[in-house]
Structure formats: structure tokens, C-alpha cells
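Look for chain A in each of the two complexes below; its partner is chain B in the first and chain C in the second.
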Partner chain A sequence: MSQSFTFNQRLRLFSLETQSEFLKVIRMPAFALPSLAFPLMFYVFFGLIFNRGGMSGQMPAYLMATYGVFGIIGPALFSFGVNIAVEKDHGWLALKQASPMPISAYFVSKILTAMMFALIITMALFSLAAIFGDVRLSRSEWAMTLLVLLLGVLPFCTLGLWLGLQLKAQAAPAVVNLLYLPMAFLSGLWIPIDYFPDFLQKAANLLPAFHLAQLTLKVQSLDIGQSWMIHLAALAAMTAIFLALATRAFHRISNN
Partner chain B sequence: MRPIITALIILALVTGFIFLLPTPTEEKTTSKSGKTEASSFRLTNIHLFDGQQWIPNTQVTVINGHIANNDSQQSLPVVDGEHGYLIPGLIDAHTHTWGEALQQALNFGVTTELDMFTDYRFLQQHKTQRDNVDQVKQADLFSAGTLATSPKGHGTEYGIPVPTLTSPDEAEAFVQARLKEGSDYIKIVYDRTHEKSHFTSIDKATMSALITAAHKHNRLAVVHISNMNSALDAVEAGADGLVHTFADQAVSDELLTALKKQNTFVIPTLSVIASFANQQRGQALIDDPTLSSLVTPSIKQSLLQSFSFGDHGNHTFANALDNTRKMHQAGILLLAGTDAPNPGTAHGISMHDEVELLVDSGLSPTEALTAATFNAANAFGLTQRGHLKPGARADMILLSADPAKDIKHTRAIKTIWKNGYVHTIEKDKEVSEVALKNNGVVSHFPDANLQPQNGLGFSATSDNMMKGNSTASINWVAEGCQDAGALAVKGTVGNQFPFPWAGVFFMLGESMQKGVNLTAQKSIEFQVKGQPGQYRLMVFTRDSQRPAEVGFEVSAQCQPIQIDFAQLDAVDWGNVTGFAWVAGKQQSDFHFTLDNIVIN
Partner chain C sequence: MTINACVSVQGLSKSYGDVRALQNIDFIINPGEIVALLGTNGAGKTTFINSLLGRVKYDSGSVKVFGKAPGHLDARRRTGTVLQSTKMPNTLTIKEHIELFSSYYLNPLPLESVLEKANLVGLEQRRFDALSGGQQQRLFFALAICGQPELVFLDEPTVGLDVNSRRDFWNCIRQLSAEGCAVLLTTHYLEEADVLADRISLLNNGSISMEGTPEQIKSHLGGKRIRFRSPHKPEDFNTLPDVSQSRQRGDYIELQSTHAEHTLKHLLNREAKITDLTVTEVSLEDAFIHLTEESPTTPYQEAV
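For the complex of A and B:
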């Protein structure tokens, strides 16, 4: 069926789906507010007020990167993890599958929405850091940080997708939070990973958020010094694993 | 097409936003925090020692007081390193720091001091400085604060009230109290054989409990020992480091194995052990021409002091060197530390002796540099110090000669940067009350006695006085420039001293400590002829480390030269002690005739 759409039709379809998805999450204060406010609030407290002089004055720049990661993970995990679980249990996903719209539009709109949120959060963080944190980066460093953060949404979308397809609607918010917050902490998003004991630093290698944080910090040479290829490979591998798991879960649901 | 347009609009807005964000180059004009671009620059034409290895013919990029990647695209001021040797700022891993110690240390290129016992309030005062990259005039401080010792043990004899402990069950509370005072690590004094000394000591169980408590709070525990058996106990108790080596006997294989197995580091502090053994190395440091201009009366006093209990002889000192050599050969991590300001040592200057002593005990000069930089930072977990890789704090020293060839070249300091800012050594600016007389006329050299109308007189000068191989001589000649009589100078410029010079020195003040106030004058004029080429006029001021200099051209005919003081804005014109006319660096044999010198 989907073969019959022209390019323009398809574009309009994806665009409409994205618009309505974006409108939906904006109208869900329980999702939009914490997603936008928490990273900014934490950054103001821990990066600008309390630890200003930490890390030889680099703390505002360092935490701008890590709270950026924290900020972009939230919408990705929740929009996929929680919303898909809910929509799946309410039969909305089944309806979408039955409609003539290609099901990819459903997922792409969610990815684009997560990216829009990532963009808003990152721009707000940049503004705070530049105005109140005296953070000064070269133009290419600002742009690269933004780009890494926007693309960094993808692995967490796939993680969220798998969780959303796997979990019951009632369980999803709790499980996602249980994953999100400890992962953020253990990946050094709140406190620089350098301050952690050695074994925790090593253990962080298992977490996707750690690799994304290191990639983002690499732009400013504030990372712990591993090669960017390691982080990129780890993220790619994790994305592939989550995607495989999500596909399996999706087929199981579709076949039921 | 609407979605594409929306996407393009978003892209344009984001791009616009990125262009609004501040960049470091804009900071020059917009920053209100008092930061200037002075801590951002590119230092080119250098040989770099990054703390572990040498990288010849390279450059470093410093952005806001930190080393950045060289591929940074930013446009930065370029500083020519003139093929000098750049090493990280030195870390003295064993000091006792108070008063002016941190300022003094930085003057000699020591940018971080790891203190092993001081008044914890001094630590609290100076702790915050190390967290930022502001322009500062002193080294950064990390400290054990109050040490852990027994009642009447070593450490209680200095007149500062010191809390003590006697049993293992006091250890946890003791360590907690130190951390509350701000201690960065715990220093423990231990002596198994204290019955032989006039100090008491905590017992091994208490030391062990202190180390365990320190580790529980994620702090290092380092132990002061002065003999091998105590060292063995300390390592067995789990010490992270020993803050001295020992000289009572040769280090046993058992101890070497234990040190290696537990990764215990050792700070041999050969400087203080040399002083203990009456090696009298202080005078040599004072006499070293590359350091002498920085030696203040208090440094001199400290370097010339000795321990009161007499000569322990060369034998024990040889033991200390041997033990250090064996530890090095066994692969034990060694850190350079001086124990300044104990008798015979002083802050800053003694680090240049300590690295030499480490070379004497078998380390290569590069290994000694690593001990004085990277190893110390590594052992104490200071990630931004002791190296010059991207991310490091721009604490660094530019040397004019290669320290890998001769460790003494750590003294050939051209420039010190602290937090990316050039460190200039400030002395009290005291304007002399002596003014010029006779309308500023120095001399027309009418007769052979060369006596000037202002100032003390003329003399030949060259780096020969600093063991260089340049030569110079002066004499009166009858043929002047306009009138009869002039001063003739000739000589050769050698190549042995790092900063060679040869020419004539004119002493304007009554001594090098007391100059003349020239703030009312604007220029110095003279006439000169001689071997054509570029020559230099040097201006000496009270307490200045090195004279300021400005070039001038000499031709075969007499020519008037006027040098405006405004050209030399860094000179303290309130206290000028003398001038020198010297040959350029490129010349070898030279001669010139000087006449009609007037300061207007």
C-alpha cells in the first residue's frame, strides 16, 4: 500500500505525523516539563552555582556537555519507552499499523520529536553556559557539541523502542526511570567521571550514556582520553543490539 | 514543500544561534572577569617534554590557561620559543609551606608544592587558588595539613600545637578530623627504632589503622620513615608512599619486592639527606650564575643553614644515593621532593638540586624530569598537572638549553608560565633618591682616567664572569668623535654561556642594589663607531633578574645614537644601576669606540 505514495505525499505524511506527535508531547506537561526543566535546573545548581570553580574553572563547560547528554536522553527514552508502551497497550499502535500510513512514519515522527526536544534543551543549556557560566568555545566546538548531542538521540531511541515494546504501560515509567537516573549518574553526567573510583570508571564502559558523554566532552578535550572511535563503535554496537531486540519484540507483538 | 521549508528555517535559526554563542577570541573584548588573551597563545619553535617523552620541533597551543589540541583552528597570538626546551612546571613532592614559600617556589619554576605538614589554616587559605586558572604570583598548594604523630613524636617539636594519637582506635576519628581541616592526604610519622632517638613514635598497629582509615575515605596515606626497618613496616601496613628514602643501611631485596608489589612510591628527598650528611650543597646553588639573581637573603640563609647535630659523613649519604639507585632499578616510582625549607634547602631553588641528585643516583636526566613532573602528579592523582598534553594546566617552563643533555639546564629558565600567564618576578619597587648631576653628562672622555661626571665608572664586562668564554677589554684612545678622547672597547663573543655577552659596563649607581632615579630623563645619547654591525645597549636596574636590552647599528664613521627610554617600557626607571654597550649575538670578534654619553 505504502508504495503508492508520491514523494510529496510521503513528505507531507511524515511531516503531519511529526507535527501531531510533537503537539501531543508538548500538551503532556508530565512529559514536556521535566524533560525540559530538569537538565537545565540541575545544570544551574551543580554547574553554575555550586561548582563554578571546580575542575580548574572548567566545570561549567564540562557539565554543559554532560547535562546536554542527560537532557537529550530523557525525551528519547520517555517518548519511546513510556509512550510506545502506553500506545501499544491502548491499541493505538495496532491502529497505526492497520492504517494506510507506513509504520515507519510512526517511528520517524517520534525520533524527530525527540530530536526537537534535544535541540531545545541543548540550545537552552548553551545559552545558560555562555551567559552565566562564561563558557567560551570556538564556533566549530559549539556546532560539533550540538551535532553530537542531536545524533546521540538515536541509540537511546532504539533502547527506548525496545523497552516500550517489551514493557507493560503501567510498568514502563518506573522501569525507564530506574534505568535513566542511575545510568546518568554512573556515566558521569552529574559528577565528572574522573572523581569516581577506578572500578566505577571501568564499569561505566558498559553504559551507552558514558560513551556519548565522552564523545561530547571530546569536542572540548575534556574527556578521559580514550579514542573517539571506541566510543563511536560502542554506541553503534549498542544501537544495533537494541534495534535487534526491538525488531524481535515488534514481530512478536505483530504476530499476536 | 512546506516541511522542507520548515526544516530549512529551523536549520537557519540553529546556525544563527551558533553564531551568536561566544568564542574565546571574542573574549578579548567582551570579558568582564579580568581575563585577558594573555593566557591563550601558540608557543612555536620548541622542543617539548610532555612529562614522559620528548617531542622535538613542535609547538603547544594554550587556550585559557590550558593546553589545547594543536589542530585548534582558533587564531591566537604566536610566541616564538626560539628553539627552547619546554618542560612542565616542576612539582616539589615534599615541602613544608608557609609565609612566602609559594611565591618563592614559582620564581624557580616550581608550580605546585605537595606539602607534608603545615598549619592547616595556611592550606585552607591557599586551597582555592588551585581550582582556577587566574593569573597568580605563586605556586599551587596541596597539603597533608596536620601530620599524624605520637605525643612528643617527630613533628611536635616546631612550636605549633599538634594533635597526637597513641592507639589504633583513635585512627578513624583522627583521620576524620584531618579531612575536616581540609587535608588532601594523610602524612604519618613512624619510627620502629624510636627508642634510639629522642622522639617517641606511634606503633605499627596505629600506623596501620591510620592508613586503613585514610583509604576508607579515599585518601592517600604517606609515611615519614628514616630507616629501613620502619620502611618495611610502613609498606607492610599498606602505605601509598614513603616521603623519604633512608641511609642507615642498604635497601634489602625484601623491601624492594614489597615496594614493587604494592606500587608504593618513594620521595627520596636527597636534598635534605645531603644536608643532613653535611654535604654543603647550598653554597654551590647560591654561586650558580643562572640562579644567583633570584637568591634573596632569606633563601641564602636557609641554604647555608645546617642541621645542628653535626657531620653524619659521606658514608650515609652514599647509602641514600645507592638505595635510590636500587629502587629506580627495581622499577619503583620515584618522585622529586626537597623537604624545603629544612636547613640546607629552600623552596623552589632546591628542586634544581634534587633533580641533579636523582641523576647522581642513576636516573637519566629525562627520568629525573619525569620524577619532578609526571610521577608526582600521577602518584597524587593530579590529572591536569605534571604533563603538557591537551587538557593540562599551562604550568610550564621554557629552558634555553637541553635538560636531557645536562640536568643542570633546568636552571637555564627563559620563561615561566603559571596558568598560561607569563610569570614576572616582582621586587619591591623602590625609587632611588639619587638623581643625575652635571646636566646628565656621563662623559666626553677627555683623558685617560675614564672617570665619568655621573656614576662610578666604566669596566669591561663579559660572560667570562659566569664561566662563559667571551672576552672584552677597554682602553682610552686619543681620537674622539668631535672632541679629543674616547672609550675603545674590543673583544670576542663566545658560545659557552646560554646568554653570551661582551662589551663595556657603566656603573651608574653606587652599587647594584642602589641605582639612580632616571624617571625625569627621557633618553640616553652617545656617539659610536667601530666594526659595523648590530650592537645592544643593556639597562640594569636594582634587583632585576636580567637587563633589558635594545639594539643599535654601528658603522665605521662616528654616528650619534639616541635611545628613548619609552622604547624600554618594562624597565624600572626609578632605580637604574647601570648601562652596558655590548656586541650582538651574531658577532665573534668586535671593536667599537664610544664617546659623548649624555642622559637627557
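For the complex of A and C:
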């Protein structure tokens, strides 16, 4: 009785899981619309209309990178943080764990969904920046920016996962917002970090969003000049910590 | 020790701090039978089901599901589950939910037969939030059976459903059992256990206080409750035939009778000043109070 899935069955399982997750999220306008529209709207206001000439004309390019980071964090934090809290409290996660679903499918589908949202947001930002902001990058710079942003969802998926497993469904949206919005501001996603007082710039080193923003800006050499290795190491370390905390929380809820 | 049993439990115990949720439970489910685990809220039914699913670490004893540890992949592939008061994502349709769950199993049923068995034909494009309570519960049932399991766990599947929805659900369970699938049903409705189960186990404060066929259990617990107003004291009615218990509840007097028709005949002949008379099934809660008051230390054991 130790039959196992064929490759095609496994592929079907993972693609159905991902498809369901994506449909589930996109059909919730209260979630999908703000997370797609806000980063773009903010970028249009602050990057294209008000500050166009700031930072010696580089504002549209700079804010394209930082609003990209802002845009991809939202779906990752919400899809993990809020949805997992809800599915846990509704017993849906328990039912899935009782089924033969591989638990990896549950997480992979959520990561891929967050990445799809990241892709949509990034492509829309790129288009706005190129068409209305005269942002001109080389092909490899565009590609590199996209890659950093897509992989950049991972630390926030693990942070969201940890929060989602800890929080009650009703508290989750508020807590996630309380974390998301101040972190975005303090990491220099809305206003360039260069304008911040020194101590705030230093404090930003504690925030994962800051390191991701610096990595993204590094592609265009607009970062504040730390080595990319520091940012990558910080992100990797934070991902590992969140993952360890999440694993502990997961074992606690599934085995009491 | 039955080698082919779907579930075999020996000496299972589990405590939460000082609270002993389950105490020394022995339990077996054989292929194809419907076993009802009957108990009040807080009796330990859900803890027991969760132990069988591998969701609770038990303190001592042995639990095997198809010969494997609970929660083992091989065990999960051969079982289906309906958990208590679950909600699923609202924005997916019945069809999407069933197709997804089917993909978890090696030999799933075709969508059409799942819809048919769960009595959901014609609703496949409906979203979860557009379903009635009964339809939602049958969708959970559909997810439990879509992988052609040999055993299905149903944790209080009909709580909160109206009478018709409950009947619909019962029909689904009967059909499933007729096809040879074993069912473990937890419920606090005596009637539900009665109409569905081949065997009933009574769970009371974490231990199995009685086991037997529905007939055996009912003859011990069952009967009707006769309720009325009367100027007399409850004790005055103890002498009526077949009355097993009498008490005052508010303005009413309540008699428990093992043969209501017989008791009523004598009651009405003897006593003229009776108003607001009703006769109802004894609820399990009443039966339990009766049972624990009657024999708090030596639980009745029915040989199976």
C-alpha cells in the first residue's frame, strides 16, 4: 500500500493548489484591489507628479524600486499572515492536515501566489515608470530588479507565516497593517532613506524591508552604499529566524 | 487483537493539565461498520477523533489506523474527515473545492459521482458562501469521500442543521456505508446514533461508560419525558408504572418513562388536574444525568 504519486499527479496537485489559492485571493476585492492599486497610486502621486525633479531627476527611478518593494511586501504579508490566521481559526488548515495533502503544497501555493501578485505589481510599476517617468534602464537592470523583487517576497512570506500561526483571525489584519505601514515608512520605501536623520538610517538596518529596498536600489546604484552581501545576509538571517519561529508555532498548533 | 481493523485503540489516555480528557479507552472499528461515539459536549469526543487523526499527542496507550500510527500518510490516504464547525474559503466553488481535494488522493472518484453521492448535483458552480448550512456540510462530506476512503471520520456533522438537512445528510452516510466504507460518527444526538449506527459507544467524562447496539443502549438509557403542570409533588408520581425518574423543573413536573403510552394511560386515569402536557424524547443530556446519578462509580458494561 505504499503506492506513490506519478510525476504528473504531483504536478497536478501543486498546480491545482496554487490555482485555488490565487483564485481565492483575487476574488476577494477587499484584498486584491488595495494591494494592487495602492503601490501604483502612491507611485503616481509621489514619484511621477510631486517629486519628479527630486534627487537630481532620479526620483521616478528611485521610487520605482522602493514602491516595488512596498508593493510586493503587501501580498506576501497578507496572504500568509491574514489568510493563515483565518484558515487556522476556521479549522480549514486542520482539515487539510487531516487529508493526504503534502504540507509543502500548502506553503508553495501561497508563496507562488504572493510571487504572482509581485509580478503583476512590478510589471505595472515598470510600465508606469518607463512610459510616464522616463525611467531608462538596461535590459539586465530591468531583469535584475524584477528578480530581486520576486525573490524578495520570501522573507515576508516567512514573517507572515509566523504571524498568521500566532494571531487570531480577527486581530491579524490590524497587526499586519501595524507592522507593514510603519516598516514601509521607516525602511525608506515612501521617502528616500537619504532624507532621514542619521539615527533613523541606522535603525533601519533592523528592518527586512530596508535591506530589500537597498538591494533593489543597488541594481541602479541608487543605494546608500553598503555592500550587497550585508543586505543579502541580513535578509537570509531574518528569513531563517522567522522560519524557525513559524515552525515552532506550527508544531504547537498541530500537536497539543 | 483484530489485524484487519480500520482503527484499533488500546488503553488510550490523555490529560490537559489536571483535566483527564480521555481515560484508558479501548476501541475498534471494523471494515464497513458505522460506529457512533455518543457523548455530551466536553465528554472528549473531539479529543478522541483528534487522537485518531494524529492531531493530539496522547499520553499513553496505543492507537493504530490501518495498522499505522495516526496521521501517517498511508492512513490519511485511506481515510476521509469531516471536522467540527469548519469553514472553508468562501470564494471558491464546489467544483473547485472537490477537484482540489481529489488531487490529494491516488484514486479519486470522478467529480460527477462525488456530486451525486453528496447530493450536490447542479450546485457545482456555487461558491461556498452561497450555500445553505446543509449544503455546506454536504460539501465537507464530499471532500471526505472524494478519495474513495475505506474509513470516514465525521465529527458532529449535523450540529446546527434543520431536520430536513439532517435527514439528507443521514442518507449520504447510509449510502456510503452500503458501499462498504467504515464510518466513525460522533454526535450528541441519541436519535442520530440510533438511526445510523451498527454500534454505539457512550463517552462520559473521558471514558467509555457503555457499549452496544442501539437497541441495547436505548433499553438502558432511552424512553420518553412526560412533562406537565400539577399541584402535586413529583414524588407522588413515582408509583406510576414504568416511571424511572421524577423531578420538579420550574413550574413543571417531569417524569422519565421507559414506556410512555403505558405510563400516560395510568397518569390520566388517576390524576385529573394535569395541564400543559407534553411528551418528548429523552435528550442525551437527561439520560446522562440519569446514568451518572444512578451509578456514578460502576459503569454499566454491555457485552458486545
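Here is the rule we use: the second predicted complex is superposed on the first by the 253 of 256 C-alpha atoms of A that agree within 3 Å, B and C clash if a C-alpha of one lies under 4 Å from a C-alpha of the other, contacts with A are read in each partner's own complex, and residues count from 1 in each chain.
In this section, contacts are C-beta pairs under 8 Å (C-beta built on N, C-alpha and C of every residue); 3 or more make two chains touch, one makes a residue touch a chain.
Source: prediction; values computed, not measured.
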| item | value |
| --- | --- |
| Clash-or-fit label for the pair chain B, chain C on chain A | fit |
| Touched partner set for A:E87, first chain B, second chain C, both or neither | second |
| Arrangement angle, chain B at one end, chain C at the other, chain A at the vertex (C-alpha, nearest 10°) | 170 |
| First, second, both or neither for A:Q97, with chain B first and chain C second | second |
| Contacts of A:F250 with chain B and chain C, given as first, second, both or neither | neither |
| A:R12 touches, of chain B and chain C: first, second, both or neither? | both |
| Partner chain(s) touched by A:F117 [first = chain B, second = chain C, both, neither] | neither |
| Contacts of A:Q58 with chain B and chain C, given as first, second, both or neither | first |
| Contacts of A:K24 with chain B and chain C, given as first, second, both or neither | second |
| Closest Cα approach, chain C to chain B, once both complexes are overlaid on chain A (Å) | 14 |
| Shared chain A surface residues [contacts with chain B and with chain C] | 12 |
| Chain A to chain B touching residues, read off their complex | 8, 11-12, 14-15, 53-58, 119, 123, 126, 130, 134-140, 142-143, 146, 194, 197, 221-222, 225 |
| For the chain A and chain C complex, residues of the former touching the latter | 1-3, 5, 9, 12-13, 16-17, 20, 23-24, 27-28, 87, 90-92, 94-95, 97-101, 254-256 |
| In the complex, chain B residues that touch chain A | 1-4, 6, 10, 14, 17-19, 21-24, 26-27, 31, 33, 64-66, 68-69, 72-74, 128, 130-133, 218, 383-384, 390-391, 393 |
| Chain A-facing residues of chain C, complex | 53, 55-57, 66, 73-74, 76-81, 83-89, 91-92, 96-97, 99-101, 103-106, 140, 143, 147, 153 |
